[in-house]
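So the structure is just underneath, and the comments pick up after that.
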Amino acid sequence: MITLGIDIGSTTSKCVLLEDGNRIAATALVSAGIGTGGAEEAYRRVLTAAGVDEGAVARKMATGYGRKRWPAADGELSELTAHALGCHYLLPGVRTVIDIGGQDAKVISLDGQGRMSGFVMNDKCAAGTGRFLEVMAGILKVEVGELAAMAARARAPAPVSSTCTVFAESEVISQLANGAAREDVVAGICRSVAARVGALARRAGVREPVCMSGGVAANDGVRRALEEVLGVPVTTFPQAQLAGALGAALWAWQTAEHKEMT
Amino acid sequence: MAEEVKQVRKPPDPNSAKYKLGQIAAKAYTDVIEAKARGEKIGWVSSNFPVEIPETLGIPVCYPENQAAAIAARGGGERLCQEAEGDGYSNDICAYARISLAYAKLGSAPEQDMPLPDFVLCCSNICDCMIKWYENLSRELNIPLIMLDIPFNPDYEVSDAEVAYVKGQFLAAIRQMEELTGKKWTEEKFQEVMKNSCRTSRAWLEATSCAKYTPSPFNGFDLLNHMAVMVTARGKAEAADAMETLLKEYQENHETGKSTFRGEEKYRIMFEGIACWPWLRVTSTGLKSRGINMVTTIYADAFGFIYDDFDGMIRAYCKVPNAINLELARDKRVKLCKANSVEGLLVHVNRSCKLWSGFMNEMSRQIGAECDIPVVSFDGDQADPRNFSEAQYDTRVQGLMEIMEARKGGEGA
Amino acid sequence: MNTQELFETFRDAAAHPKKQLDAYLAAGEKVVLTAPVYVPEEIIHAMGLVPMGAWGADLPLARSKEYFPAFICSIMQSILELGIRGEYDGASAIVIPSLCDSLKCLGENWKYAVPTIPFIPMTYPQNRWGEVGTAFTKAGYERVIADLEKATGAKFDEEKLTASIRVYNRHNDAMRRLAAALPRHPEVTARQRSDLFKSAFFMKKETHTALVEELLGQWGEGSQAGEKVPVMTTGILCDSPALLDIFDELGLRIVADDVAAESRQYRTDTPDGLAPLDALSEKFARMGLCSVLYHPKKERLEYIAKTAKEKGAKGVIVVLTKFCDPEEFDYPLLKKACSATGLPVALVEVDRQMEDFEQARTLLEAFKVMLV
């Protein structure tokens, strides 16, 4: 049985095609989120990549902030459960999932059976989210993808402590105006995100193993800073950004009728 | 506190609790408007001020918190908050206070009018923020302020020193109000008010405890509306009648398998915090559409003003929700969760209320552990619509539902 | 010590409370932390314990967020942060008064966040006058005494309290004379001025009094000339070095303050002629002129305007701690009261996590232009 999961986020759309609930057949990632054609594009691409047509997909599940606006879905689930399922598949036994997405950061606790037992999310402010990193990258005139490498070259991370994106923006600007190295400022920004998310994680309770999912997981600067803040190893995987879509595909399989017959 | 705007359906049954409670809530405003027109002195009073005092003295009063909630529920919150911000009030301070201070300046609001006061009665058992708010009302309107200070109690029990302090102020406040209005305190009237207040409270406690039945005979959002009467009118005989009617209806609902919660009750949660009045429909629909019934809130316990004498009354006012320490506040909630088979706790982190939100993280952790239920919070505000995100609310409620479902051993578990 | 050395001593104490704490502990003394805004330090002193102010510090917050939501002021947040991080380790207890909603939450959170340092609540009445009010204040003090005895093993003695009251009244007097002398000394920088007040929270009062009296003796009646623009500050705290440097760089001189951590502490003495605990309760009844102390007429607003005029301040700078309810409620009315007497008012929002004061600089620069 082929199931599909789609994660429609604020800035990206992710799609995963799953065979019999245990083999990833194809994935797609499109840099366009809610309110764009991103979801359709990701859907089309994943079908093409796997060489299957629409009719072959038994069940489709949507997640992410755009989950309710994708008409092709057979159902939807929150990105919390989706990330829990996805990460549990990628890293069996994981107890804490830290997902930093475009608009929010979440820390999900899993029980020994891989079920979500609780979660904590950031408050309305964007500091500590992917959006925060984007704004900061914009100020520094670099791509978000370059931040990790820059942070790795830092000598003395510059303090960026404001809790609010707007204030942090002026802090970063004045750091640069005062002659701080761009690498140091980037490292400071990564640490600031890690500090915010680290506090969330402690509120949820940190149980090892800990993994990171979502787009920001690819930023090694933030991941390492999180390890420092929490004092435990934080692992990630190449498909981290797809964990939500994968979770949705797994959910589609688990909730399919007569799945045992396939 | 504020009636949710609903579509016009069949005319309401005048013998129903809903009709009676609605009438009492509306009368709370009209009585005061009429008194003011007759030239009587009227007051504004904070919601946990002992209603027994103005009621016994026969002094017409109205409640700025209820008014602010009503204004917010009807879409005026942002406008009045911005008015206050224009006068220099930070958008960090309580939105009820911002709305009320703006209203005091403007003198009218189409969403809910209320006559301007000749004096204000403040009780600090809700928060210190209330003192600041009433100081400003008193100064800006140049009218007397009567302040009854009931401090936050860091201990589990109410001390004799606290009772003596509050009692001394009670007596002074009564004298002050007698002088101000020329009205007299009589023991007979007090006995009657006390009797009514206890009768109303008892019916309320019993009615809200009907949530122990599965399914619950009522939708917990009803309580938010009926609360207005508990706040303003619990010393009146009509209120006692109406609450007893409500209790009867809930019991009948249980016996006949009916409920004011529409649809199947799949999950039962406790809601923590003041309602998000500007987003009442959204917050209620987000639960209802998933079969989640908010079966209880601390309000179920908060208005249990049951006492036998003057000192007992004082002790009751020393134990209102925001005046008690974490341990007592926790235990009251744990009791409600256990008595009503609650499966999850949804916490409103209310930007307007520092005291209510300031130790909620720790308290809700302890409640979750003690009751073995998931705890999920969302950001919102009691009256400023700008401090709420529908998408965030929706995701978190869905997350809570998915955990509750998984714990039932449901799909995907 | 010469004047320079005196200022260095104040700076050292103000900037390194942890060093002070460790020195007391090493000397075998027991330290009791005192949270904002008013704690009956006299009682702690009388019991042979060392009171040390705990008003937080300028630092990034991480651990406090496990307990507090984002909209609680950075003073409470940073006190809890320091507690969790172990910066107060070794202290025997913390006394937290009930004077604002966030302080109440600090106490409740403290019990679970920093279980190694006992929380002692000081519940004050807001109707603090008359028999009823002072009796409740006294009951609050008695509770603090009982809790301190339990936490430290120290014993309370009325006679010792009488002596301690004298020590504190003398310190009050020295601090008031200092505040009165400061306008004649424009050579004192804003940071040095802050050090004078801040060090008082960390030093023993006898020591601090002696140093302040020594400085006053060296100053005599003389005065120095200066061209800086005189201003008055008001707020809970005004101790951020970065902000204070801006005052100096712009040529703004603080000639009077209504800052909770500065002059508000020293306005009221404990009266004579009463049993010591009654006298101390009466002192609290006589206090006022503060945003966390209830007053039906808000007399503090006129007091600030009047003081600014008397001290020759050309404007009032409100240093507002973000998320501080009591101060935020008073601000619009304070602005009105000052404007009524022709005093310009500038609002600078601060929090203890701020690294960047460029906005404050721009604002104060423009304000100064208005004043001259």
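For reference, chains read A, B and C in written order, and residue numbers begin at 1 within each chain.
Everything below uses one rule, namely that a residue touches a chain if its C-beta (ideal position, glycine included) is under 8 Å from a C-beta of that chain, and two chains touch if they have at least 3 such contacts.
Note that the structure is a prediction, hence the values are computed from the model and not measured.
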Chain-level touch network, classified as line, ring, star, complete or other: complete
Chain at the geometric heart of the assembly (C-alpha centres): B
Geometric centre distance via CA averages, chain C-chain A, whole Å: 45
Centroid distance [mean C-alpha coordinates] between chain B and chain A, Å: 39
Geometric centre distance via CA averages, chain C-chain B, whole Å: 36
Per-residue multi-chain contacts in chain C, two or more chains: 66, 69
For chain B, residues contacting two or more additional chains: 349, 361
Residues of chain A whose C-beta touches two or more other chains: 123, 203
Contact footprint of chain C on chain A as seen in their complex: 123, 125, 159-163, 167, 170-171, 174, 195-196, 198-200, 202-203, 229
List of chain C residues in touch with chain B within their complex: 66-69, 71-72, 98-102, 104-109, 111-113, 121, 123-127, 131-133, 135-136, 139-140, 291-292, 294-298, 320, 322-323, 325-326, 328-333, 335
Contact set on chain A toward chain B in their complex: 65, 77-81, 85, 104, 115-121, 123-124, 203, 251, 254-255
Interface residues, chain B side, partner chain C - complex: 87-90, 92-94, 97, 124, 127-129, 131-133, 135-136, 138-140, 144-145, 147-149, 151-155, 159, 161-162, 164-165, 168-169, 172, 325-326, 349, 351, 354-355, 357-363
Chain A partner contacts - residues on chain C that touch it in the complex: 60-63, 65-66, 69-70, 353-356, 358-359
